[in-house]
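Two complexes are shown next, each including chain A; its partner changes from chain B in the first to chain C in the second.
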Partner chain A sequence: MMFVIARRELRSLFLSPLAWMILAIVQLIMGFLFLSHVNIFLSVAPKLPLIHDAPGLTGLVAAPTLGNAAVLMLLIAPIMTMRVVAEERRNHTLTLLYTAPVSRLTIVLGKYLGILSFFLILIALIVLMPLSLLVGGHLDFGMLACGVLGLILLVMAFAAVGVFMSTLTSHPTLAAISTFGVLFLFWIIDWAGRGHGAGGAAVAYLSALNHYEPFLRGLFDTSALAYYLIVTAAFLGLGVRRLDADRVGA
Partner chain B sequence: MPTAWGPDPMSARRNLIAANLGFMALWLAVMGLGLYTTHRFRYEADWTVTGRNSLAPPSLTVVRQLKGPVFIQAFAPPGTTRHAIRVLIGQYQRVNGAIHLQFIDPNKHPGAVRRNNISYNGELRIRYGHRQATVVTPSQSAITNTLFSLERTGLRNLVFLAGNGERSPLDTAPYGLSAWAGELRDRGFTVSTHNIGDGPLPQPGTAVVVIADPRSRFLPGEVARLTGYVQAGGNLIWLLEPGHVEGLTPLAQTLGLRVAPGFLVDPASSLLTGDMPNFITVDHYPAVGPVHDMHLITVFPTAAALTLKPQGPFRKAAILRTAGSAWLQSAPLGNVITPPRGGKSRPYVLGATFTQTKGTQTSRAVVIGDSDFAANTYLGEGGNLALAMNIANWVANDEAFINMPNRTSPDLTLRLSQDELSVIAFGFMVVLPLVFAGNGILVWWRRRNR
Partner chain C sequence: MNGQVLVEVEGVSRFYGKTAAVADVSFLIRRGEVLGFLGPNGAGKTTTMQMLSGNLAPSRGRVSIAGCDLLENPTRAKRHIGYLPENPPLYRELTVDEFLDFCAALHGLSGKDRKAARERAKTRCGLTEVGRRLTGHLSKGYQQRTGLAQAIIHNPDVIILDEPTVGLDPIQMREIRSLIRELGREHAVILSTHILPEVRASCDRVQIINRGRLVLNESIQDLDRRMQSSVLAVTFRRPPAPEALAALPGVGAVTAEGETRFKLFHDPAADPTEALIKLATDKEWGIYEISPERQSLEALFVELTGQAGEA
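Take a look at the complex of A and B:
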């Protein structure tokens, strides 16, 4: 049942021009950024053999591309998730879902998986770019896989925040703006946290960016993995709870 | 669990809010605990092919041997430099928990900067026991070798002669030696300059004297001081340039060496470098002294040839030899590169080691017919840096330098034809976006006309 909801969600996304336009624009922007990284690489490539432990194509093209993709995801996640529950609530179709023999958890997870599938398609398109370089070079696949895993985890957390925000309101725009606010806060939180002591360290720990960076370097860290999974679970859990509260009328 | 259908709607509602708040608090507490636990007990794995996020095996050996805590002070303002240092030192800390890193903002602590003679952003001050050393450009090789050198004692004092137009270890110009000096400092050497006219040379056995390309004639008294130093068992590095012996012939005679007039020309070298044929390359080394494990090509722009005499108190070994296609020439290089009339091609020696054993004391000297190879411009060429460092280590009786394996990425090159590049660019930036946008318009059109 969960996957039925997910499939329906994904289908309805592609039945609106919004998803297509986002694909087109992301593709255009990422293509541009990717090519500029390739250009930079081609200009420094002759000097690389002279440098001890020089970074290669993966480190100089794939990793920065994935890094840029994260910023774009931050901007897209609110738009893609804003309608997921809020619109149903607005159109009063949520009640129809409630009457179906499915639990709130299934509803939230189903809708979340639908959104996530869209993001996975988006990531697949982005990963195609560094892979296209195999025509004329090699890649460090371990490092690339690690970076892609990091991006997927990041997007999982972003989408979870968006889905939760969408359960809170019946105005998609409101959901989008608050999602953006929360995500942006998670992004910049350590700018202030570069202070001192345990407090600063704790704030820096919360930063979504700090956990993404090691993945881009090819360093798999269970702590970062757990961070994203826990953030995802936390917001999805809150979303389920919110729908439950809906039912009892709080 | 309170419900909304209780007898008193108001209190039921209050109960519900309380339950919700309770759930929130509990939920966030569980998640926070999860975050803390996973942060505390973590496992890291390096997924890169070359292991570039982990310490190389030689570093592991050194770090595991450390017997006490290591305190590292990093002089860097908040920002990206700190992050890079934290990542680098983190690799060490993962192996040895007794390595402590502390950041000092140079802008806020100018006193500490002056006290430690810090001149670059990102410099590290490493303290181990009573000894400390500075790492100017933090890298795994520099840090590991500094840790290693802090663990042992050796003759790690290089004195560069000054006063006769020699190249200076402080000179950052293209032909200066500042880059080499920086590397030497990173690996635990102290580098200083000494004007030979000002006072006596260091006692033999306490330092290595470096003569780097003097450009004005040494006075007879200075020459006597130098030959006396070498005869008494002093260690010496002498880098000379064609035509610039500058009165040091007695020193050469003491070592058992003659500097041939003219400069070396080797057409085979220019095939390798693409430069003029007076840029001599060496790619094979005998298994002796400072070059015993060299395998990189070294480049010597304009070099003099050395003739080693069999007699004398010094044992001599040629360490750098040209290919058989080389010859000596005095006239400037013309457009046509041919051996001068009567000259013939043969391998020439352009670098040699000299050893003398007196009792238990062994003194070492290295003479190279070129000094450009160690200059800032050429130090990065091929194995020049490695050669310069190996020479210093060997003369200092301290060959225990740890060579880091070069973790060459498997993806350093990208060969794309213009057509391939165009297809990639066009495909990602034009075709795919147009396809998606077209689909979007199609969907919009269908919905509008429904």
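Take a look at the complex of A and C:
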């Protein structure tokens, strides 16, 4: 049942020009960023053998590309998730799901999976760029896989925040703006924490970015994994609660 | 037609803040029955329908559908429900076929069953021609039919229709009404409406709700009996004295309506029409109009909902 909802969600996304536009624009921007990283690499490449333990192609091109992708995801996640529940509420189609023999959890998970599938397609297209380096070079696959895993985890959390924000309102734009606000705050919250002792460190720990960086360096950090999974589960849980409030609340 | 109880509503109330949209409503619907749900705007029709379909939780009371409690076991109970809300819930970017397939899949139908269910629902609702068109591009009437097809696609025991004929032309209305009658043979149907003749045309039983309370719950036959005429309106060219009319057997009271027109109130069991005509021709009163006055469903509706004073 969950997959029925997810498939419909994904299908409806690709029936609108929005999904195609975003895929196209992201490819364009990522292509540009990727090429500029390649350029930098080419300019420093001759000096690399002289440096002890120098970063390789993966570290100098693939990792920064994935790092840039994260920023783009921050901008895209609100747009892709804004309609997921808000628009259904507005068009009165939510009734259809509420009347069907599916639980609220199934509805939220189905919708979330639909959105997540879109992001996985997007990430797959982005990863093709560093993979194209195989034509003329070697990649550290472990490091690349780690970075991609980090990006997927990051996007999982972003999409969960977006889905929750979309359950709150019947105006997609409001959902997009609030998602962007929350994500941006998660992004920059470590600025506030810098150099303020233990309390500051605790605040900085909440930052989504801080947990992403180790993955890019090829470090698989289980605490970061837990961080993203907890954020995802928490926001999806809140979304289920919110849908239930439609039924119960005044 | 086995009369199995499919919907059981027990003391259901719903509050919005302190106002009760629906207060202590109880009723039953059996298989093979079409129940008409009447009420003025804001009387609690839609709220009741939303509670029956599991879209809204009652503040108090119990709803059970085909023996499953809607609150304790919503997923089981909802398998037996088909619901067409006021606004047909359509994904505008899908075609009619895609949309109906999705609805069938939501109810756990797959493969061959799904296709068969879709085709059956389309035939029943007259949608065979528009299967490949986008639901968002359909006219209001076709959107309404698609909404109806969605509600019956999984062959539910209980079909809940919130104003199903709104926006339809008279021919479509007739079609939908006969479809409702047909559905009412095997399922339990509950439909809400503003249109009073619709109730007479398609329902077996009528409920009138006003300010959240049920004020009437009767079968159409009982209602007809209740509304049966016990008043005759007569007009003469050469009117007699009212006393002469009052003397007729069975006539209780006579009121004059203008110079030549009278109203005769009689015992419903004893219709004085024939005796009156005979007397009038014998005495050459020049009778040229005689008609039984029917109390209309409308009048009853106005009386029960107390709208006359406010209107």
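To be clear about the criterion, the second predicted complex is superposed on the first by the 249 of 250 C-alpha atoms of A that agree within 3 Å, B and C clash if a C-alpha of one lies under 4 Å from a C-alpha of the other, contacts with A are read in each partner's own complex, and residues count from 1 in each chain.
The working rule: contacts are C-beta pairs under 8 Å (C-beta built on N, C-alpha and C of every residue); 3 or more make two chains touch, one makes a residue touch a chain.
What you are looking at is a predicted structure, and each value in this text was computed from that prediction instead of being measured.
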| said: Per the contact definition in the header, classify A:Thr99: touching chain B only (first), chain C only (second), both, or neither. | reply: second
| request: With the two complexes superposed on chain A, say which partner A:Arg8 touches: chain B (first), chain C (second), both, or neither. | output: second
In this superposition, the partner of chain A with more touched residues, chain B or chain C, is B
Q) Of the two partner chains, chain B (first) and chain C (second), which one does A:Ser16 touch, if any: first, second, both, or neither? A) both
Check your understanding: Now for A:Gly237: first (chain B), second (chain C), both, or neither, which partner does it touch?
Key -> first
For A:Gly181 in the superposed arrangement: first (chain B), second (chain C), both or neither? neither
Check: chain A residues flagged as touching chain B and also chain C 15-16, 248, 250
Seen from chain A, its contact residues with chain C in the complex are 1, 4-5, 8, 11-12, 15-16, 91-103, 246-248, 250
Contacts from chain C onto chain A in the complex sit at residues 15-17, 53-57, 74-76, 78-79, 81-83, 85, 87, 89-94, 98, 102-103, 105-108, 150
The residues of chain A that touch chain B in their complex are 14-21, 23-25, 27-28, 30-32, 34-35, 38, 41-42, 45, 48-50, 52-59, 125, 128-129, 132-133, 135-143, 145-146, 194, 205, 214, 217-223, 226-227, 230-231, 233-234, 237-238, 241, 245, 248-250
Residue positions on chain B within touch of chain A in the complex are 3-4, 13, 16-17, 20, 23-24, 27-28, 31, 34-35, 38-39, 42-50, 52-53, 78, 87, 139-141, 380-381, 404, 406-417, 420-421, 424-425, 427-429, 432-437, 439-441, 443-444, 447
